[in-house]
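Input: structures, listed below.
Shared between the two complexes below is chain A, which pairs with chain B and chain C, respectively.
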Partner chain A sequence: MWDFVVDRREQLLINAWNHAYLVILAVLFATVIAVVLAVVVTRLPKVEPVANAVSAAGLTIPSFALIGLLLPVTGLGDVTALVAVTFYAVLPILRNAIVGLQGVEPGLVESARGMGMSEPMTLLRIKLPLAWPVILSGIRVSLQMSMGVAAIAAYVLGPGLGAWIFQGLTQVGGKNAVNYALSATIGIVLLALILDLALLLVGRLTTSKGVRV
Partner chain B sequence: MTTMESTDKQQHTVSGAEITLDGVSKIYRGQQAPAVDNISLTVPAGEIVMFVGPSGCGKTTTLKMINRLIEPTSGTISIGGENIRAKKVDELRRTIGYVIQGGSLFPHMSVAKNISIVPKLLGWNTSRVKDRVDELLDLVGLDAAKYRDRYPRELSGGQQQRVGVARGLAADPPVILMDEPFGAVDPITRQRLQDELLSIQRELHKTIVCVTHDIDEAIKLGDRVLILQEGAHVAQYDTPEVVLSSPANDFAQDFVGAGSSLKRLSLARIADLELKTPTTAKVGDSTAQVRSRAEANGDGSVIVLDDRNRPLGWPWLRQLTGEKIVQPSGDLINLDSRATLNDALDTMLVSGHGGAVVTGDRDAYLGVIDFKTVTDFIEEMQREAETETKAAPAAGSDEHPASRISIAPTDEELDGGREG
Partner chain C sequence: MSIHIDAPIEQPAVGAGPAPRRGRLSGGSAIELFGIPILVVVGFLLYVWWRQTATLDSIEASSLDWSEVRLEVWQHLKLTVVASLVVVAIAVPLGVLLTRPRLRFLAPAVVGVANAGQAAPSIGLIVLLFMWLSGWSGFWVAILALALYGILPVLRNTITGLQGVDPTLVEAGRGLGYSGGSVLLRVELPLALPVIMAGIRTSLVLVVGTAALATFINAGGMGGMITAGITLYRYPVMVAGAVLIALLALLVEWVGRVLELLVRPKGI
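Then we have the complex of A and B:
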């Protein structure tokens, strides 16, 4: 297998890079979407149970099914992969963002308003920074999950390491079938570890010393 | 009782503004009975008014209507003659300090950041904000260099509360609203914080509205006390002296409660008594010289002051070792001159010197109050009360001799001070 990897290292690196790129982009979009949704949801108490149900149920939709649903809309290719990965990535972040925002002590929000901070200012400077550690752990879960979803998304000819896994699967019994599948899988695991470390670092840099655990 | 009148209420320039409530009511959505029912009230500029009353009587609701955290259902509120609805709500709030229980500091911001929020909202420049933060930390008795960069969780409860007060004062607002500000700290710390508030107020003369459920706190801190009953109906609104001596109705009487004659002890301030002036020393003074000065005065201990005249410790002579006086270890509990005799007795009981160090503005040393001075004063009060009783028979009697000061005369002995 070593020779296999060495022979194809360039392709492997390109795939890994694409895979990481897809996941990072999807998680970034997902974070923005989830936080915006969470802000809306926490302001409308009636919507909140709905949002929680959706984010729980959403995770049970098989990714192949979702991709199947997306295909007629976005066609084969990168966009479909990105949309699918983003969809799943939103769910854990949304759940944590709701919990995090609700966990902000009402007294603090009242203090902020009482001091003359406007509502958006209170959100940006009090609520989100305080909810951030919880949101961040949602992002970590989301990132790990997205690594796997992105592999499946390669089915729609999206970028990434998933392509090799499928190649391996379609060639079962063939000379390099195991090599393809295994090297891509190991690549995904390694990538997941690296990105998780990077996220930890980002977390440390973006979390106030006063609320760090 | 003229002896109880504080002597240190000098005329200062008042920086506070008058607050008036005119027929203000609040009915919460979905409720029948109003939480606040048609209250009219004037809080004079530069005074501390304490709202006190049983739980759920509408204190917080009334308070929060002043900074529009709650909008009244009807009635008008003005500050300094201007209707509070005339300004944008956020602008209004930036001119009103707001301090709530525990300080409510933002945990993700340093002490300095917490304090500088409103000044920054008002567009002060960086250096002015920085100076202001240091000034305020100093005012509330915290060493700026040591504390400004700390996070709230690195402070004790009392320190957090101090920062909370500093934050309320940050932009020098004419009006400050406080909701049970000292509810979350232990009794000794609470007493210190109360003393500090009085000391700050002596300097600043803000208009302060402060909610409490503790009648003792209300009597100690208030220039006026507002006793509220269910629905924020005013049971009595008067000076602590009058509230104690002639409750307006049964409700006020019950609320002021048992031992009210004794509570009048807490009307007497340390400032009304004569202070002793034992030997003092500055950090860095020669120990030998200090020792001989103390011996000449007949003192067994000396009070060590820092370069700004703030007391640091009260060591016995035998504890003075080394060539120069150093900063004594341990924490000195001192009393503000506005502290009450109740507080003085409490502090003395833990001091071990049979006395307590008294401080004035910015914790500057004033002298020492000793046990005998206080007990003499109590005896004198008692005699005075007796003569008053003979002149005008008491309106009622307190059946509860229980009190938190074991050495003080019992209620029966003191009772009759109430003017009939």
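Then we have the complex of A and C:
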């Protein structure tokens, strides 16, 4: 196993980098989409149960099924992987962003308005900073889920470490089959841990001092 | 800021969310409870209509032959149900053990390990088990992988649910002369049941979705339609497979929801 990894370290690192890149990009997109949706949803109380139902139903759809649905539209490769990972990444962030925005004390919003802050200013300087810790925990969940979805997307030639898992599968019985699958799986677990730590750090830096716990 | 959603590696539909606000049937769950079966039925009827009217070439027609589809649905359901039963049979007793005073200290360690295990990608786990257990049939390898994957939500919720039982109620049970076992069966488990059921529903969703990957290790299931569609390069086959899996997953999640409502003890 060790020799195997050392021999192929370059390819392994490239795959790991691609995996991380795909996941980070997808989670970034997802965060923007989810926060925008959450802002809209919390302004229209009637839509909220619908949004929650949609996000619960969305998480129910197996990732492999979504990949099958996307394939005719986006084709084999990176785009399908990115769209699929982004889709799943949106849902936990959306749910947490809605909870977070609703949890902002109305009195605070009121006083911001009283100080003459406009509606968008209130959103940017009061609501979002206060909701941020909750949104962040949604992002952590998304990140973990995305690692696994990205691995499955390798079946349709998406980038990343998943490729080696499928390569191992096609060589079952061969001498490197287990090495391929095992090093990729361990790589994904390690990557998940590293990105989770990085996110904690980012969270610490981006959470406003007053709401830090 | 008092809301704190504790979710290190929290899974998709954990009954977490803003749980306390949910009454017997809030707006959202009413939509889900009645909307999902309607959606599934309509979706399935659309599929049947499409299947009867579409012009398919011979490969597509044989991949989407009714007997083939029925077989894959049956395999998929069997994988889901057996794996879920294994999960409940292991995770609930384990959760009970880990909340008993003598073993309580082990709970954080076990949940920590389970959490870390959850970070392993499902496809990697399935493929590796398949390689390591080459003497096993594909079906049982898939069951093992699915069960491993589905254990965490039930285990965690069993522990949380039992820990959430008011100790004075346990005390009162003992005061009435119940033995430790009766207190567990008559007081603690009924009170923890809603939380445990939420865990079981989450686990069902995980298992039904992951079962789509069983086809990679020759264990059958509806993933077969998608892989067939991809390898044969037939869009209708892969889309039909994807739609049918999604419908089945929604249906299974709905069954979990209904079970949750049905087994809820009256007093809660």
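Odds and ends about this structure:
Going forward, the second predicted complex is superposed on the first by the 213 of 213 C-alpha atoms of A that agree within 3 Å, B and C clash if a C-alpha of one lies under 4 Å from a C-alpha of the other, contacts with A are read in each partner's own complex, and residues count from 1 in each chain.
Please note the rule applied: contacts are C-beta pairs under 8 Å (C-beta built on N, C-alpha and C of every residue); 3 or more make two chains touch, one makes a residue touch a chain.
Given the structure is predicted, the values throughout are model-derived calculations rather than measurements.
Once chain A of one complex is fitted onto chain A of the other, the partner contacts of A:Pro159 are absent, as it touches neither chain B nor chain C. Within the superposed three-chain model, A:Ile126 lies in touch with chain B and out of touch with chain C [touch as defined at top]. In the superposed model, C is the one of chain B and chain C that contacts more residues of chain A. When the two structures are aligned on the shared chain, A:Val211 is found in touch with chain B and with chain C.
In the superposition on chain A, contact of A:Gly116 is made with chain B only, not with chain C.
Of the two partner chains placed by the overlay, only chain B lies in contact with A:Gly107; chain C stays clear of it. Across the two superposed structures, the residue set of chain A contacted by chain B and also by chain C is 130, 211. Against chain A, the residues of chain C that register as touching in their complex are 1-13, 17-18, 26-28, 30-32, 35-36, 39, 116, 118-125, 127-128, 130-132, 205, 208-210, 212-213, 216-217, 223, 226-227, 229-230, 235, 238-239, 241-243, 245-246, 249-250, 253. Per the touch definition, chain A reaches chain B in the complex via residues 107-108, 110-118, 126, 129-130, 208-211. Those residues of chain B lying in contact with chain A across their complex are 64, 67, 69, 90-94, 96, 98, 100-102, 104, 106-110, 117-118, 121, 151-153, 167, 177. Chain A meets chain C in the complex at residues 48-50, 52-53, 56-57, 59-69, 71-72, 91-92, 95-96, 99-100, 102-103, 130, 133-134, 137-138, 140-141, 144-145, 147-148, 151-152, 155-156, 162, 165-166, 168-169, 172, 177-178, 181-182, 184-185, 188-189, 192-193, 196, 211, 213.
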